[in-house]
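I am attaching a structure below and will ask some questions about it afterwards.
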């Protein structure tokens, strides 16, 4: 193997890592928002992602059968719809279940696991156990070929762009809107926020919904790189948790850095080690680092009383 | 007498323990066909994990989503011993390399890997079952508890460890049997474990060991250690400032829970006859938590009942209406967490049930006198002098 | 190092900074045996931080803390407790789900290791001690009450009782009479004077009457540093102290 070929492999493998990075980032962002806000780990987060994916599939089926001319345009719309549906379900879940469990984070973990089982079975009953794929619009298929050896798939670029767009939107939301300010205030001092008139209950509900909505977007994005089944959600959930914990949980920058690190490490290791050994090696590395530095890469430096 | 007093704090506990013992030792063996009894034995092997979780999670507040790892370690140790016994050169003479397990042969392995050889000895295997899970738990626990990792972080990390473990075993078919696991186990030192007689014996061994573990757990709960565990759960800072090394206590209880789980894994293998990574990963580990949650996370007896109940439900429903089962299980998780945090055991000790119990007892006693209670821990605050004095004389005997 | 070798507690140059903010700076403090030493000062002066540093809750960034002549700075919390230091927190820090009896019992110094916890027995000595301490803190009638239902003042006393069970040579109380009625304050003052017979006590308080009642010596802190030190009269007439308390 010569240098150009090795380099091409690196670039392409690196790019495979980038797609994984985008998915992990999108899932991690939603989780980090929820965890940072409420200390709640949502074990059903993967199922909210799957909801987004199934929404896209539904959109594609409907468009294909009823409005075929619309096919090239439906995708961005389905992304919005995925966000809306997942956020809506998130609000419902928060209202009916999560808000009673705020003081008990471990119990929330278990309750949301139960929710994930219910959602998975719902998907199985409605869509069947087989994996499905929406019909993707033409402009998403194919790849760039900057050089003879390098093949960069367009859907990968799209998903990466989407991930960055969402991250930018979230950052703007958190730091430039008044709602974002209220959210950050509640995270830092709930009692005081209540005292100055911030409706922390609504803040919580909105934060949870937005987090789930982002998962929905992740799901829509995910359909471009893989097929969707009832347990697709559980495929990335442990990785998403580790992204959040490894990155320092309260922190946008941390999530980005750790999603990138984990995704790259995994795809590179997967190339050199056969089968699942690459994933095992990545996980092992993360766990060992966490044992020595449990606060993650970029912990928040708040003095606890 | 002091020992028994330490073991059972009040009448309800004596009753529930007796009921359990009666069911397990007498009623089930008498009335169930051996096939079903063997199935119950399998459920009970999960009970070992449950008892450990009562101490670890219920009492000390440490949620581990990776108990399957320790269950699996114990199970694999036993499976390796049994497999080696079933792979003697005569039985395996049709293999390219006789004398090694069949799956190794299929994977073109020509010599027994070094870490398999010690498992040719039963004493070593038993020692491994008792030591390895506890040792691994102690190391992992110590590393994390020293750095004050707790709560949700600890749970996620244990889940990742469960994933590492199951993927690691799954992906190394030559060395571990891979996804299919280690199967076709036949004899234990020449004694065939698949005969009916063997199944009865193994069932009773399992029950006795489980009861022993439950008694150890109950004893611990009623000593100072039990109170310290609860104190750590509720106010870990104060415990440090009372002079306790919280990290040591947590590591101890994590290792103990792992020990129980390992024994459970070994009993599982003996009764069911195989071990595979699908029994030790993320999903089984969290199921073991739900057995404990349903039965009662504060009660060792409750956890055992929980294992039986949930597994019975699983077998019944997943055969009859598989789609319904996942809904039911998910719903159970949510219901238990939101409405019955102390599980069935908690319901049994609720004031409503207690009053019915007292009424029944009064009916039987027919005296109309108030039944005498032993050194019962009252749930309502009472401040009478009489109670205080009784407390003092009771305990200084 | 000063020539006196029998200070119970000798602190020199103690300091801690959080991200550049010096919460405590250049703190020197010498405590004799069987004395009550009160630290006062406006909010944010660093008083609680000093106690946090001594008991190991916060890590100091500079200085030395010597207890009975051996360095305790850098030790873990439970090691410092076992050396003989007891700390009471501003908000009553008791075990709400255990009874008063169990709260006191768990504070008994026998059997604090894993093995000790498993083999701890309620011997006659233990029982006597629990009852004696409970009587001292006026909770004898409440031994079987769940600690969570006690009143605020009773919880404060329970926490003091738990510390007495530990039998420390240095007792540190952070605002022990906050939220107490006048009668309760008087009782607490008597209690503190009684227990200082066998041990030293550091108290942080704001109630000047109470301080006058119990203090052998007073230290005034301001902005992380010591402003004045001496007897209550000396400190109360110090112009710097007056300015800090009444000035702005």
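Order of writing sets the labels: A, B and C. Residues in every chain begin at 1.
Just so it is clear, a contact is a pair of C-beta atoms (placed from the backbone, for glycine too) under 8 Å apart; a residue touches a chain by one contact, two chains touch by 3 or more.
This is a predicted model, so every value here is computed, not measured.
**Student:** Would you mind checking which chain's mean C-alpha position lies nearest the centre of all protein C-alpha atoms?
**Tutor:** B
**Student:** Can you tell me which chain lies farthest from chain B, using the average of the Cα atoms as each chain's centre?
**Tutor:** Of all chains, C has its centre farthest from that of chain B.
**Student:** What is the distance in Å between the mean C-alpha positions of chain A and chain C?
**Tutor:** 49
**Student:** What is the distance in Å between the mean C-alpha positions of chain A and chain B?
**Tutor:** Spacing between the chain centres: roughly 35 Å.
**Student:** When the C-alpha atoms of chain B and chain C are each averaged to a single point, how far apart are the two points in Å?
**Tutor:** Going by mean C-alpha positions, chain B sits 43 Å from chain C.
**Student:** Which residues belonging to chain A are in contact with no fewer than two other chains?
**Tutor:** In chain A, nothing touches at least two other chains.
**Student:** Residues of chain C that contact two or more other chains, please.
**Tutor:** Correct list: empty.
**Student:** Would you pull the chain B residues touching chain C in the complex into a rising list?
**Tutor:** 220, 223-225, 227-228, 230-231, 234-235, 237-238, 240-246, 248-249, 252, 378, 381-383, 385, 387-388, 391-392, 395-396
**Student:** Okay, in this complex, where on chain B does chain A touch?
**Tutor:** Against chain A, chain B makes touches at 57, 61, 63, 140, 143-144, 147-149, 151-153, 155-157, 159-161, 163-164, 167-168, 170-171, 282, 286, 289-290, 293, 323, 326-327, 329-334, 336-338, 341.
**Student:** Write out the stretch or stretches of chain A touching chain B in their complex.
**Tutor:** Residues 35, 39, 41, 97, 100-101, 104-111, 113-121, 124-125, 238, 241-242, 245, 275-277, 279-280, 283-284, 286-287, 290-292, 294 of chain A touch chain B in their complex.
**Student:** Would you mind writing out the residues of chain C in touch with chain B in their complex?
**Tutor:** Of all residues in chain C, those touching chain B are 55, 57, 76-78, 81-82, 86-87, 89, 93-98, 101-102, 105-107, 109, 111-114, 116-120, 122, 124, 127, 131, 140-146, 149, 162, 166.
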